[in-house]
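Chains: A, B, C, D and E, in written order; residue numbering restarts at 1 for each.
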Amino acid sequence: MSIYDIIFYLFAAITLISAFFVVTIRNIVYSAFFLLFTFFGVAGIYVILGADFVAMVQLIIYVGGIVILMLFGVMLTNKITSVAIKTGTSQIVPAAIGVGMFAGILTATLVNSHWRKVDTAPLLPTTQSLGLMLISEYGIIFELLGIILLIALIGAASLARK
Amino acid sequence: MTEFNLIQIAVAILFLPLVGFAFVLFFGKKIKNAYLFEISIITVTFILTAVLLFNKLSWFPDKNIVSEFSWIRIQNLAVLGNISIDLGFLLDNLSVIMIFTVALISMLVHIFSIAYMKGDRLYNRYFAYLGLFTFSMSGIVLTHNILMMYIFWELVGISSYLLIGFWYEKKSASDAGKKAFLVNRIGDIGMFSGIMLIFNTYHTFTFDKIFTQMAAGTLPFNSEFWLTVTGLLLFCGAVGKSAQFPLHVWLPDAMEGPTPVSALIHAATMVAAGVFLVCRIYPILTGNALFIIAVIGALSAVIPATIALTQNDIKKVLAYSTVSQLGYMVMALGVGAYKFAFFHLITHAFFKACLFLGSGSVIHAMHHEQDITKMGGLKKKLPLTYATFLIASLALSGIPLTSGFLSKDGILQGTFAFASLTGHWLFPAAGFAVAMLTAFYMFRLIILTFHGEPKNKEKYDHAHESPFVMAMPLVVLSTLSIFFWYTPNPVNADAGWFLSKWIKSPVLSVPQNARYSFMKTDVVSSVSKEGIADINNSTTVEGKEIVYSEAYTEAMHHAHYPAMFLSLLVAALGIVFAFIFYYWKKISADKLAADIEPLYKLSFNKWYFDEIYNATAVAFTMGSSRFLAWFDMNIVDGAVNGVATVTRWTSSFTGKFDSVIVDGLVNLVAYFSGFIGLILRRFQTGKVQTYLVLVVFSLVIILYLFKTF
Amino acid sequence: MNVDYLVNSLYLIKPELAIASALVLLVLIDLIMGNNKKFLPYVAIAGLIAAAYFIIGQFGMNSLAFVSKSNKGMIIADPFGAFFKGIVVFASLFVVYFSIKSDEIKASFERHGEYYTLIFGMILGMFFMISASDLILIYISLELVSFSSYVLAGFTKTALRNSEAALKYVIYGGVSSGIMLFGISILYGITGSTNLYEINSLIQSSSIPNLTFILSGILIFVGIGYKISAAPFHFWTPDVYEGAPITITAFLSVASKAAGFALLIRFIKITFIKSVDSAGYWQLVDLIDWKTFFIFLSIITMTLGNFAALWQDNLKRMLAYSSIAHAGYLLLGMAVLSNQGMIAIIIYFAVYAITNLGAFFVVMLIANKIGSENIDDYKGLGYSQPFLGVSLAIFLISLTGLPPTAGFIGKLYLFIALVDAKMITLAVIALLNSVVALYYYIRVLKNLFLSRPANGTFEFKVSFSNGLVLVLLAAPIIILGIYFTPLVDLAKNSMQILGF
Amino acid sequence: MIHVGLTHFLFISSILFSLGIFGIVTRRNAVMVLMGIELMLNAANINFIAFARYGNFGLQGQIMALFVIVVAAAEAAIALAIVLNIYKIFSTVNVDEIDTLKD
Amino acid sequence: MGNFPILSFITFLPIAGMIIILLLPKAQTLAMKSITLIITGIQVILAGFLLYHYNYGMGGINNPATFQYIEKFRWIEITGFSWIGKIKIDYFLGIDGLSIPMVLLTAIISFIATLASWKIDKAVKGYFALYLLLVTGMMGVFVALDFFLFYVFWELMLLPMYFLIGIWGGPRREYAAIKFFLYTLLGSVFILLVVIGLYFSTMETLVDGSKVFTFNMLSMMDTHNFVANGILSPMNPHNLRLIAYIALFIGFAIKIPMFPFHTWLPDAHVEAPTAISVILAGVLLKMGTYGILRVCYPVFPDITLKLVWWIGAFGMINIIYGALCAMAQKDFKKLIAYSSVSHMGFVMLGMASLNTIGISGAVLQMFNHGTITAMLFIIVGVIYDRAHTREIDAFGGLATQMPIYTGFVTLAFFAAIGLPGLSGFISESFVFLGGFAFETIRVITVISTLGLLLGAGYMLWTLQRIYLGTVPEKWKLLKDLDFREYAMLVPLSVIIIFLGVYPSFMLNLMNSSVNSMVKFMMDSRALYSSITGF
């Protein structure tokens, strides 16, 4: 077992265990914090996979943005005075059965499939290439994303404002 | 007079009454005495028939005058080429004599009705209906094809319906009309089936053409059996119309109509149409068919005669007597005594009409009292009626010097000869028994009505002889019941002009081996070899007759006197018994009735025919009709109703959930189908997480299915 | 990638550019004009007309835009896309008009700027959905449409049902697009490409792990199925259609569905096709049994839609179920997997668009006045409002598919396609379904004409412009029902998909 | 222990994905539901990057992941706005209590 | 007369009338009624004109050259599908001996039903607009020779009928209307399926020699036009023709209505207003049998020959079942409705005979039943207008109270039970004669004669219960007929009597066509067995 493997298992454990807590723990604030760990773990996995820039973006946007947003959401939709901000769960049994089967199918299929594996290329910095691609090949999508953000901005503002 | 003139006259005879009908029907309301128009029309018609009769018999005694035109043409058929359904007249001696009789009686009844129906609310319409009847009846008589005969057959049925139910406000009258029509329809269905068979075989309806083709060897389905069936099916029509057993039940009920109508339709003319039909189709009747006809005739002669013994309604007695006499004629036809049957048809028409009109006169005098047990002693009050009634009764009983004696004797002679050749002695036995019964009940009727003490003093006191218009027809008809109109010899009709010159039995078309053995041509030697009649489209030469075997001729000859004496004897016996019972009262009729109560009851209750029919056929039809209606509403409607779903939805939407609709089978199906819709709704809980769980489950199912493909 | 080529590519996406410019313009005008919102709809209409103009030009085109070394092109400009964009623009024009008239929308007057901007965001997303040939673009455009519609569904934020619809929509849509994204990722893993054309050539040439491929296909379909509301991915439809403002419901039921179907057809036809035989039947790559899949899906969808619609009392909700049922019919056209079926879909969709817009318009006009969408409140409206009643009758009859309305022509071509493919049983099921459908449509007519109003009549006048729009929608239904050559010609011209 | 390969990453992503769905369908609080959606998107992103890495498909996968992250952010913003709105109107954010629209 | 498109005119004239009526202000009810009356009157005149110039020698059925008043032009034409060739649909009208009696009937009944609608006072505008639309639909069905066109007309009259029953009907009108609609729609979807199936099985050769799929009915009758592997071609090894035939037949049979699909009829009749009952029974039912004769028979002669016993048997069931059900009814109108079921059974029996006499009888019976039943429903309407009840047992003795009316009743009833001298007799006789001549259904025919008895039974019983006897006190004020009712009853009576006395008038009209039909059917036996090989 190489160091690479150990790091992988570490991040994998962080990701999955905290994700498990995210969806099971009753206290919402705790959940939100576990979500933070999950994102962090995922970012680590990105690094392992050689996606340095994406990992950075993951940390900045998810850990720095979305989780905070979520926390705001939690705060705004609960009375702060209440000591334990908790959430209930519903339809555990059917959900467990359904999602369990689905997960089974999903993992079994994915893990057992024969993927087109090529010898892995050496890990190179990706930031520059990504930047070039974003303004050339994927320029149009990049622009579209801008519009998405604009729409999200307008939409969210329109809903949230008085 | 040319043939064409005769046809013209026939056309006039046929349509004049229709004109009268239409005129009176449409203008009866506006013109006060519209009925006079009808009466003058019928008088003219009668005169025309007399002219026709005279000229036909004088100038063309042996010729069938035919005139026809194509009514419907079906052209260019694949196999048959053109088919033409023709309408046309057939003037032979049979039809001119018959039409004369019809017109004469019709006229007399018209005249009689002037007084009899006086004051009725629908006086004019009554005469209109009579006109319609005369038209229809003339059609039956004059036509030259079976389809047209069927058409007029139905039309007389309708006029009979209208006239029986003339006093429609009386439930019994409208019931009787309906019953008459429906019972007749049963016979007509048989007749129509026969017509279908005929048409299917010969592709024509014209009698002559059918006979010609049959003589040439074409048979229905190439089988003599089916020929017999055809004959019998056609005879079904006669069974209905002539009130033969077992369809005789309508005739007594038909007495609900006005009495002159009974005289005209239900005694003299329409009911005789059945016999006339058998006469017309005689050439196609096989031996087997004739035998069955004879049996039906015999039964129809005997059963009503026994019923007539105990009836107390004057018209009912006469009605059963009519059925019995018609049975006589049918039996005569069945045993081969063709001429005598027709002879009896004519004589019977006159004296029975006379009897009915006479009874009408009595009823009129007694203020619509019909029960003979409440009459009596009317001889003094109504001498003319009594005299004519007596003459007619004598004729009916078969007493010499009357026309009835001649014709009845001929029939008995025929049965006798038939029995001696074939050994069926029950026919003459039935004939003589009926002769005795007839004499008995007729004189019972006369004694109770005209003799003895009046039972209802009040009505008796008010009784008075009928006016001239009612008396005149009685006189005319009773005169016609005397022998000399038909033959110079009061004891033997064979020599008379009626039987020897005017009426000829037809040539048989039936294959030789299907006939009675005594009618086979090949056993004949003495009579000239008769081929097939020489027939062309417009006219037919008559003069060829049924060729009876020598043995038959001989048997007839031998039977003449025995039959005559025997018939005289039984008639006399019958009369004597009547006197013993009712005039001298040597034996108490009531006591006898009590002694043989079951038999008496059987007779008095008309052999329970109506009860049996009501309990079986009528009940079955009504029952199945009710059941099917229920079935239709609940099961068919329900089950078909969109596999019941529709019903449920519809009902729930219209808010009227008809509990009937969902009963039974449907209930289950409906519930199930509605359930599907509800199940589907059950998924739409409004909880988005439930939806998503469902999506996950569906995904799992889809993926699972794909893995197994 | 040189600049010329980029510019050339921009020429090919003129309609999209027009919409994008209009969007920006709307934002700016809203900012500049402040409280004067009157001009917004006219700007919107102008933008739409410009887009329509460019779309007509696209009917003659047949090319790919944004081609690069590693990518065979992201956007397709072809008649097929032009047709569906045309449908979207057509629907948008009417929806903008409806919005002007809708009391619901008028109530939140101060947010009109956002309203039209979001609508244009949706239109833009749909345009890209319709013409995308790259899975990335497909996903992004789908999300663009979704985001805008989430907000629009809850636009009247004070109304209870609006907000609820938005919440359900966003959760349901988020999950669906998440599943689709996962599918896309697997497909990417199998083929190493996100471009449909590349994927097509790849799966034809090399061996592919069968089950994994099926998994990805199905997962991607979840996203599309959610857009076209095919069962069992339809659950959001009734709730959101009922909850959303009526203009948005109309827009979702027509434009969004059009984009979804365009995407579905493109996805199937470009990705999986091997060849088209002389009779017009598509020979697909033998990996996923799409035929069986669509057959079952269509049966379930239309049966479910029709049967559930039977029980509805809210007309909007009923129309939602009816639109599910219609999605089922349209999937029949997919199940045939032939050019004939595609023609049928195109014809059916053109008719469906007109009809559904009309139906929702009438529902809106009535709701404006009587404040209810409940069918039982429509009693006797046919008498007090004969014009509205008759128009609604025409629309509903066309939805049922009875001659001589255009709806019949749509159904006819669908069945022609089915019979031609010898799928008789399916045709019988579809026909029986249309008998069931008659029942709930006729129920509305029953209330309109057969029942007398419970209490008093609603006296109001249909304004001239509304009447004109109604006639504009109703007349084509009758005219195309009698003389449908233009419709079929249009379909014939529109079925040209780039590449095949 | 086997050398870490593609399947390991795929295993993680599919579990993460399933956990996301599980959270969405079971958590009553709307914000928690949104968290589940984020988990799903992350799982897809792991896929993209892993495939790109092991299949040597170039940087397309990473681009995709970047886009998804942006989209996720936008989605989170809109969804939270909607949730806030719901809270204003229903005074609750429990998803299963918001079911006025149903058959 | 040249090229005047008289058939289009007679078909679409009511649409013009409808538009005029829609443009009139609501209050102008008299004008609306008058316009409808004038339009339908013109139709009668045009129908008379058709009759006057009709060439009796031309057979029609499967030969386009022997149809008359043909109007044919391209309606829809789409070219350029490489994989499917040309698509074309013709606007193709024409009449032959089968359709001209129906055109005549439609014109007459529409006219008379207009009079029967005179007293409508609820939403008059809508009523007459829908009424005229209905007339167009009916007329169109009888003149269309293109199957597509036929189907469009067929469906066109569904909706007006739904509203006419549903809005202007009796208390359970909604139920009846929806039932009618669902049943007929169910029938017509089957028809649609077969239409499409046939479309893909027949190709017509155009002038330029190219072959195209066609909806032309007449082309579908020519075996040369069948595509080798067409779905409904006789050469198709999976012989689907039987199934298609049954589907098509059921589609038409629902309209007849044939047992067990008849249950919509009593409900529809009971609830419909008088005029609509008249139209429904007088014309609409005939569309079913007409469809079978026009389409089922010549397009599927092979299957027809196989199934003819069943057609006859169902005819028999209809006759007897309908009569028995009628007998048990307590509602006068329902009774008449069931009598229609019974009488339409005669038509089916006649059709099953496959010979000239039987089919002539069937077509004649269609016409005669149309007039007779129209009269019967008017009669019911007359009494309902006055007494506001149709309960048979509530009446009695009306003959005294309303003698003239009773005269018409008697005439109509007698015509209904097939009294000679009135029109029903010849047609029923022909049906029986024809049926008897055909060995396959001989027994059925003989059993069916029972219908004559049952028919007389329930009719006379009804006559007795309503018209005979004494008048109950509450009906002492009933008035006899008024002028409008005369105007309806007299023409029908005249037709009934005229055709009873001179049936050749109609029979000659259809003779050639019926012959062609029979010949075609007979020739087909050999032709199809040579194609299918068995």
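The criterion applied here is as follows: a residue touches a chain if its C-beta (ideal position, glycine included) is under 8 Å from a C-beta of that chain, and two chains touch if they have at least 3 such contacts.
Being a predicted model, the structure only gives us computed values, none of them experimental.
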Chains shared as neighbours by chain C and chain E? B
Larger contact count among B-D and A-B belongs to B-D
Of the other chains, whose C-alpha centre is the longest way from the centre of chain D? B
Which chain's C-alpha centroid is most distant from that of chain E? A
Comparing chain centres built from Cα atoms against the global Cα centre, which chain wins on proximity? E
Between chain D and chain E, what distance separates the C-alpha centroids? Give it in angstrom. 65
Averaging only over C-alpha atoms, locate the centres of chain A and chain D and give their separation in whole Å. 6
Distance from the mean Cα position of chain C to that of chain A, given in whole angstrom: 32
Where the CA atoms of chain C average out and where those of chain D average out, how many Å apart are those spots? 27
Of all the residues in chain C, which ones touch at least 2 other chains? 70, 136, 140, 143, 147, 150-151, 154, 157, 166-168, 171, 175, 179, 186, 189, 192, 211, 215, 238-239, 308, 311, 439, 446
Where in chain A do residues touch at least two different other chains? 90-91, 95, 98-99, 102, 105-106, 110, 115-116, 138, 141, 145, 148, 151-152, 155-157, 159
Hunt down the residues of chain D that sit against at least two other chains at once, touch-wise. 13, 17, 20-21, 24-26, 30, 33-34, 45, 50-52, 55, 63, 67, 71, 74-75, 78, 81-83, 85, 95-96, 98-103
Can you list every touching chain pair? A-B, A-C, A-D, B-C, B-D, B-E, C-D, C-E
Footprint of chain D on chain B - complex, ascending: 681-682, 684-689, 692-693, 696
Chain A touches which residues of chain B in the complex? 689-690, 693, 696-697, 699-700, 703-704
In the complex of these two chains, what residues of chain A are touching chain C? 105-106, 109-110, 113-116, 136-141, 144-145, 147-148, 150-152, 154-159
Complex contacts: residues of chain C adjacent to chain D: 70, 136, 139-140, 143, 147, 150-151, 154, 157-158, 160-161, 163-168, 170-171, 174-175, 178-179, 181-182, 184-186, 188-189, 192-194, 238-239, 242-243, 308, 311-312
Could you please specify the touching residues of chain B with respect to chain E in the complex? 25, 71-78, 83, 147, 150-152, 154-155, 158, 161, 165, 168-169, 171, 174-175, 177-178, 181-182, 185-186, 188-189, 192-193, 195-197, 199-200, 621-622, 624-626, 628-630, 632-633, 636-637, 639-642, 646, 650-651, 653-654, 656
